[in-house]
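Here's a structure for you.
Letters A, B and C mark the chains in the order given here, with residues in each chain numbered from 1 onward.
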Amino acid sequence: MSIQEQYRSRAKELLREGTVKMVIGYGAGTTPLRRRPIFITSPDDADRLVLDAACRTNLAGYLLREGLLADQKSVAVFLTPDGVRTINILAAESQLATEQVIVLGFQIDGENARQLEGTRVADFSGIIAERKKKRKEQPSHEVARKLEQMTSVERFSFWEGEFSRCIKCYACRAACPMCWCRRCVVDNNQPQWVNTSSHTLGNLEWNLVRAFHLAGRCVECGNCSEACPVNIPLHLLNRRMTEEVLTAFDYYPGADEHQEPVLASFRKDDPETFIL
Amino acid sequence: MTKILYANDLTACFSLWRKEGMRVLGPVSKAKTSGFGEVQDAHELDLNLVLTARTLKELFFPRTEPMFSYSIGKQKIETGEFLPSENACIIFGARPCDAAGMAIDDELFNWDYRDEYWFRRRDRSVIITIACKESDDFCMCTSLGLAPDSAKGSDVLLRPLASGNGWRVEELTPKGGKALQPIASLLKEGSEAAAPTAEVPLLFDLEACTTWLADPENFESHFWKEISERCIGCGTCTYLCPTCHCFDIQDEGDTYEGIRRKNWDSCSFQLFTMHTSGHNPRATQSARWRQRIMHKFNYFSDKFSVNSCTGCGRCTRECPVDMGVRETLQAISTLQK
Amino acid sequence: MTDTIIAAQNNIYRPAVMKIAATRNEAPGVKTLRLEFQDTADQEKFAAAYRTGMFGLYGIYGEGESTFCVASPETRKDYIECTFRQSGRVTTALAAAEEGDRITFRGPYGNRFPIEEFHGKNLLFIAGGIALPPTRSVIWSCLDQREKFGKITIVYGARTVADLVYKQELDEWAEREDVELVLTVDPGGESPDWKHHVGFVPAILEEAAPAPGNCVAVLCGPPIMIKFTLASLKKLGFEEANVYTTLENRMKCGVGKCGRCNVGSVYVCKEGPVFTAEEVSAMPAADL
């Protein structure tokens, strides 16, 4: 049985037994290469589920849809290890209860989707610990290395250039499972912290505020860069922040559901090198 | 016999136009995206693109533009007006769907009150459109009653030659004719055949869709929730739509001086319609997606006798969750009446 | 920046400057400003265009513009009065403005109450809370030519006694023999010396039972009150075509461009804000 068949029958079973009220997964898209999020509530529809290497979107954010989890019923979601980390962070930030989440875990290896054992987020802690280790050893992205070598002036002008394309559609925010604020800081106007206009300053303000807000929270799922209609390499910023908290605090976001948010917790032995 | 513009002469054309004081803009691929930008030389153009990622509307309705400056003194409020005053321009190589979009929005921006920010630029621009000989999986102009060689909104239409060496030139408006005068010497008489235009398949029955949308019974149909369930409410489809025209007015600065700006806004956003009281007429994403479709295919046409969609397909092409006008109208046209 | 500053008279987004001639606190958080045009040309333009029901965009540079009705009647056009509740960024700045300060105004925009069509008819005004201002504009437009109308009844309710606006005018109307004023506050909102009704507007209206014959009703209030009051009016025998109301959608441009106030085929700023209940019924209820 192919992995897709396996997951289809598992989804069917979960729905038929009433273990979950919905399965959030991937379906066929407009073109053969596209996948789209789909929401299955009837076992008969489970055959619409698709699982292959084109399933890239992190679906975890859909769990926060208003009212979805309010009835205490469970929902099954197709998640990669980074998706599971997302759930852990959302749980740690009190946005959902992991008891309501059944994980249909998978991983993309090259051209193939591979099944991951486990049902609850806790079942994936070993895989996540492994990823943390790998992440520490992972060399920086080529562009990131180039950026590191730049002078601060050069770096600033690189980002100024990238952000100059920003049209302030906020697709990055909408696509990001971590952007769950009911009212985003840019939408507050008393006072108006961030300029809403999409000019150089406004674009810089927005993108930097978002990057900082994601420090220690980003799972590097890539939803933001994928969603950006003008292809700003937002992941470069977020990766840099991830590396920063990893080095400074040995902190890997979403390691488990009890891990305290790094910038919202304090330990006596936290490094203070950034305090001037 | 017809007039032919050879690709080899394009850069010379551009110089002639510039000599007349006109800027030349066209489709350019730059910095990981594509849109319309000013060019000096024909080589800077990316004429092989099916369609630029960003639309022609940005030239007339930028994502942010200053409207007024203000400075408040003890006795006086002084204001200045920023009105577009760029030189006339030639837009070379627009696509028919984008050009049509500008004509559609003219209706709105001139509806009893004339928006000078739009029209000062519109009036000084000549749109030279190139008919499409290729399309992609997302193009749907034919389903919207347009075609890869529609003339709507264009001043000049160019049909690519089968040889790939240039274009047959069709003058559509007096403004277009005037723009062709300075380059008359470069237009050769010829009878070379044009390449066939792209075959864009019909994807839905527009009339069936608009009939369904016009039925008040369907306004609260479960259909809307189902079709938009995965919508994440980003504004991409609206910001990359050639006809979406919604905007916000924002002041930036302090109590003493600053600028009042006109910024793009989107009906996809929750805050767009939120009353100060907290009441939101369109509180759910499905209500907002319904508004976008209804506005394009029912409300706008009610008012201006034209649908506010040209089938460019960008909404689907660029949607992070693979939604778009196409899927919705395809679904509607297969619904039981 | 490629744009240069040019002065143009035909810029539809350009506001006029107005001076605050007087301010009045109406209720907690609710204030009235009396405004006078600084430029006589603007004053003339306003006087020529203004009819009751129209609205304006009142603004403070640096904060923005906010939409509310012109609360003064079409029979008194040498000034503008506006009444608003302090709630957002702009209204907070407007509330802080003092006599002598200058603010901006764009308008008058929108359609109007067809007052000529009301001639010879009985008029029933119903308003809730902060929605008395648009009603008041019509009330004074009619009272200033009292002889042209039949019986005039005003039903006005607020949450509490303190929340009633235009208290002086309420006294004035109460004393007039040619006006029947029915005042009410929500249960629990009465003060010890409150001598009027206690109850919600729809119930009090049904109690007052104005006759629907040859009568036009003007109804303004929050969406929920409108909904229930319309039901009461129906019960009393009013036809939807004889009930006028105003919609208060969020607006930015005021001139049918920005798309914000669109509901159904209507742009409230251009084709409203005044509609008959019949017209409102034709709009998609879910979007109101």
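Couple of notes before you dig in:
Quick note on the criterion: a residue touches a chain if its C-beta (ideal position, glycine included) is under 8 Å from a C-beta of that chain, and two chains touch if they have at least 3 such contacts.
All of these numbers come straight from a predicted model, not from anything done at the bench.
Think of the whole protein's Cα atoms as having one middle point; the chain whose own Cα middle lies nearest to it is B. For chain A, the chain with the farthest CA centroid is C. Between A-B and B-C, more contacting C-beta pairs join the chains of B-C. Once the centre of each chain is set as its mean CA position, chain A and chain C turn out to be 48 Å apart.
The mean-CA centres of chain A and chain B are about 33 angstrom from one another, to the nearest whole unit. Averaged C-alpha coordinates give centres for chain B and chain C that are 38 Å from one another. In chain C, 88 are the positions where the chain touches two or more neighbouring chains simultaneously. Shown for chain B are the residues in touch with two or more other chains, namely 248, 250.
Contact residues on chain A toward chain B in their complex (touch as defined above): 29-31, 34-39, 57, 61-62, 66, 161-162, 165, 167-171, 173-175, 187, 195-199, 202, 223, 226-227, 229-232. In the complex of the two chains, the chain B residues touching chain A come out as 31-33, 53-54, 63-64, 137-138, 229-230, 232-236, 238-240, 248, 250, 252, 261, 263-264, 266, 269, 271, 284, 316, 318, 320-324, 326-327. Those residues of chain A that touch chain C in the shared complex are 189-190, 192.
Interface residues of chain C, counted against chain B in their complex, comprise 1-8, 10-14, 17, 61-65, 87-88, 91, 102, 104, 222-223, 248-250, 252-253, 255-260, 262-265, 270, 284, 286-288.
Those residues of chain B that touch chain C in the complex are listed here as 65-70, 72, 77, 79-86, 108-109, 111-117, 216, 219-220, 245-251, 253-256, 258, 260, 262, 265, 267, 272-277, 279, 281-282, 287, 291, 295, 298-299, 302-303.
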